[in-house]
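As structure tokens, here come the structures.
You will see two complexes here that share chain A, one where it goes with chain B and one where it goes with chain C.
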Partner chain A sequence: MTEARAITQGRSRLPEWAITGVSVAVLIVAWVVATDGGFVDDLFMPSPSSLWSGFMDLVVDGYKSRTIWEHAGLSLERVLAGFVTGAIAGTVIGLAMGYNRVVEACFSPFVEFLRPLPQLAYLVLLIVWFGIGETAQIILLFLTAFPVSAIAAMDGVKSVSRQRVQVARSLGASDWQIFRFVVFPSALPEIFTGARLAIGVVYATLIAAEIIAGSTGLGWVILDAGRFLRSDYVFVGILAIGLMGLSLDYMLVAIEHRIVHWAGRY
Partner chain B sequence: MAEQAAGGMNRRTLVKTVVLSGAALTAGLPARALLAAGKAPETVRVSFFLETKPTMIAKGEGWFDKLSGSKCAWTEAGSGAEINAAFAGKSVDIGLAIGSSPTASGISQRLPYELVGMVDNIGPAEEMVVRKVANIKSVADFKGKKVATPFGSTSHFRLLGFLKVNNLTQKDVTVLDMKPDAEVAAWTRGDIDAVYVWSPAKAKMLEAGGELFTTYKDLDAKGYVIADLIVAGTEFSKAYPDALTGFLVAYRNALKMWQTSPDEAAAIVGKQAGVSAEVAKHDMEEYDFVPFEKQLTAEWLGPPGKAGKFADVLKRTADFLVEQKSIKSAPDLSAFQAATNTTFLAQAVKAAG
Partner chain C sequence: MNKPFVEFSNLTIEYPSRDGPVVALAGVDLAFSAGDFVCIVGPSGCGKTTLMQTLAGFLAPTRGRVALAGKPITGPGPDRGVVFQQPALFPWMTVSENAGFGPMVRGLRRERREKVEYYLKLVGLWDFRNRYPYQLSGGMQQRLAIVRALVNDPKVLLMDEPFGALDALTREKMQEELHSVWRRTSMTVVFITHSVEEAVYLGTDVVVMSPRPGRILERLCVDFSRRTGERDDIRSIKASPEFVATREHVLGLIWASAD
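Then we have the complex of A and B:
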């Protein structure tokens, strides 16, 4: 018993980053051994060297008449356009839904219906309605971000304690003042959580959006390379898309820390 | 203490079981293959396309099951790429009507399958459809236009061949990657000027203000031949040659039915594919269903042990795919010849007499 504790304590003295580093290093070593050792076919898992040459290939020559930066840039534009519009519209509607039961009754069936709907289900409809340009793709991403943000904002408003609202009211605050100075700030932490969830699902929907009329974007590159079992390009694409998603998430967290630095501390 | 001992025992038993079953599996597999040679497997896993072709007769009437002596487990594929992925994952035995360009890429990537027969020579069945109002009369008129095709397909291969032969680049023409149903949707809105695709999408767009821009004759002559093929897993064809031969005989019988009583054939195919008999008949008339005897000549797959000209087509296709950076590298012609195995096709002809 005491021995076991000593061991775990001893382990916990290693800083987390070192543990993360070791776990990543172990994975990389296993990967090198499995691929360069010839245990796994290149088709299933490219070796580090073929991944590197695939990466350089994409950087130098690009993929199917566009550079990899153009593909990444187009994907980023789509994600941001869909996310920003969807999160803003969703937050506004969500706040209203949380604040007013008439608004909630009006919108909640649509929001609830839209949220779990798989995007591929209405892909062809989007093409029929909005064509094959950027519009259809951004609308698809908008529709993904919207319900997630709306529900988060609504829950945020609903979780504001009654006492705070009552105190403000008894001090003579108007409805608008209560919303502006009590409800909205209290809902902000949940709105940010909703935003992080939303960018996650928007990111996950990117491939579906880029199927619409492909030939551009990281999502399409992964899809197209996958068709020819080009696992080196697929892996490079996945790494790129993953790192991009991670940095977007970090950015949101940084903004969150600045704006709602008091979250969880009051 | 007691618990620990029990834990240790369990673990030992577990290890023993794993080792034993592992040994049984590795020892069992080749034995099963040897014993079973000539016999029929319980199930044959077939990946196929739902389409208007005589293959659907043999499927619908249960001839494939009957003549292979097994139960066929059918999985519908959305593209040749999916069939390739299934072979890479060893979850399919026969790929029915996989296109020649995915086959060329599969052989180049050393997928464990061989080419055992042809369903059809595609010919005019996949062709360019242009919107009448786009006013495309000559090759030069394609500049600045939007052309859609499902990437990775035989149509895509032909379209890229068309651009190359006519010195057009993908900067002159916007080539869009769209699935057939999406093409029809975009066509209805007027978002695309031309498509390279097969029916039913092709037929729908011809009805909705489209006209043919014939490219196949020129392209076939220049070596951009496209075909639909039958591939079989090498392990499967070694273990069950008779079942594979029976499978081919079933398709041969279906072809015969299409040739001798086309109306009856079209009715069955239409029912299987969910279209009217007239549509099925019209679709099938566009394909060149090369008879088995002809497939066995040097013109196509060649007699057993002596691969015909089609291996050259596959080699050219693979080289083109390398040029397009779709696949890393293409092997020598000999690899494509080695991957062509017409033993079963010849057996099927003999068996049917």
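Then we have the complex of A and C:
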């Protein structure tokens, strides 16, 4: 990526972070001018000062008896519970599907069916089975992450280089050792790509889960505040949810760079 | 001649394809003894890689038989090391982990440490032992692939154009390194190359194959590689009239078969 840029750009003058800073600053200035200048009504877009007081409200008094940190914490718990279990289960099943045709034949109809299915379609069913609350929400997020991770892991296993497997076999590796030392590491880059994709869909689904099957969490705060036309709360909620998503993705990328530093470089 | 160590008898390989089977090898008969350095040359697509794959155990004969020490080959095994044209290293392992892969999976811990150090030093990769393959040049990667095979102490070393991607200087150095390893061990080497000069220089036997479907056109016994005393001077061997005559003879065979 950096190499490609070096080719297309030749010499660059401003560093990227400075350009990013300017771009964000321009947006903030536009926002201040539009709101404090009275061009846009506070109802549609809160001014910086009303956003700040909205934020302080949410921190100090909270929203419907919970502070914003508590709502954020609940959302994060759900995302992590659903994502971690779904991604791990999906990866394990996907690896087995890629390695063994019997396992693939057993699981692929379910995985293939689940993957394109809109999560809201089965959320209704989950509520009927588990009622409104944590269980239905976490199972929904699990089912969201599962097929994405499974398919990524399966594709990763299938794209393993034949020559590497042949070399390992002729050096004396057993089937299990070939899986452990050759197939699994080969699949890691795709497993990570799958994990990032999965956390993206899980995050999107979280909002729906909280709105329909709960009464806590950032997603629910945003929807509920919207009903009462509290756009300051809505904006605080959106900023919080966005920053949280960004940090989760950064964390995954950091782990990915540590573990599969060799990916795409051989 | 001793009792053959490696034996191909009436070996035929057909690859299935949409327009019927492709005959890659048509009745190959070839045998050689333990300790031979067999170089295989022939035009592109004549079945050299196919021949190697059957001996490695990656490919089962359509008809005929391949045997090692009298036993038919049923699959790959650590008695036969392979080096492909592409290094096919494990990019998630360091240089020394790559080199020690064979002993590692076979649970030979002490051999692993000693052999890895010995061979990495021999090919000048010891200082790079904690690097990753992507931090090595192409020639270094290929040396590592060869070390990985040697560390496992194979009885037969199968090499498919291992030096094809190297520059002339590195190539001659690698030829010398491989040759000195072969001389010091009892290893049998099967070496596929496009360079007739390389084949005549390194081999105890040079096998010339016909265009597809592959057959053995001629098998020559050469002895440049056994002349240990004079080997200090590669250039003078390669320029000697005897060497040139053999090389031209083999080239002539390949050219004649192409018409």
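As a convention for this text, the second predicted complex is superposed on the first by the 253 of 266 C-alpha atoms of A that agree within 3 Å, B and C clash if a C-alpha of one lies under 4 Å from a C-alpha of the other, contacts with A are read in each partner's own complex, and residues count from 1 in each chain.
The rule we apply is simple: contacts are C-beta pairs under 8 Å (C-beta built on N, C-alpha and C of every residue); 3 or more make two chains touch, one makes a residue touch a chain.
No experiment lies behind these values; they were computed from the predicted model shown.
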| item | value |
| --- | --- |
| Superposition on chain A - do chain B and chain C clash or fit | fit |
| Chain A-centred angle between chain C and chain B, computed on Cα centres after superposition, in steps of 10 ° | 150 |
| Which of chain B and chain C A:Val103 touches, first, second, both or neither | neither |
| Touched partner set for A:Phe44, first chain B, second chain C, both or neither | first |
| First, second, both or neither for A:Val84, with chain B first and chain C second | neither |
| First (chain B), second (chain C), both or neither touched by A:Val124 | first |
| First, second, both or neither for A:Ala72, with chain B first and chain C second | neither |
| Closest Cα approach, chain C to chain B, once both complexes are overlaid on chain A (Å) | 49 |
| Shared chain A contacts, counted only where both chain B and chain C touch the same residue | none |
| Footprint of chain A on chain B - complex, ascending | 79, 81, 84-85, 88, 105, 109-111, 148, 151-152, 169-171, 174-179, 181-182, 185-186, 188-189, 191-192, 321, 324-328 |
| Residues of chain A touching chain C in the complex | 161, 163-164, 166-174, 177, 181-182, 185, 188, 260-262, 265-266 |
| Sites on chain A touched by chain B in the complex | 43-44, 57, 61, 63-65, 123-124, 127-128, 131-133, 211-215, 220, 224, 226-230, 232 |
| Sites on chain C touched by chain A in the complex | 56-58, 75-78, 80-82, 84, 86, 88-93, 101-102, 105-106, 132-134, 148-149, 152 |
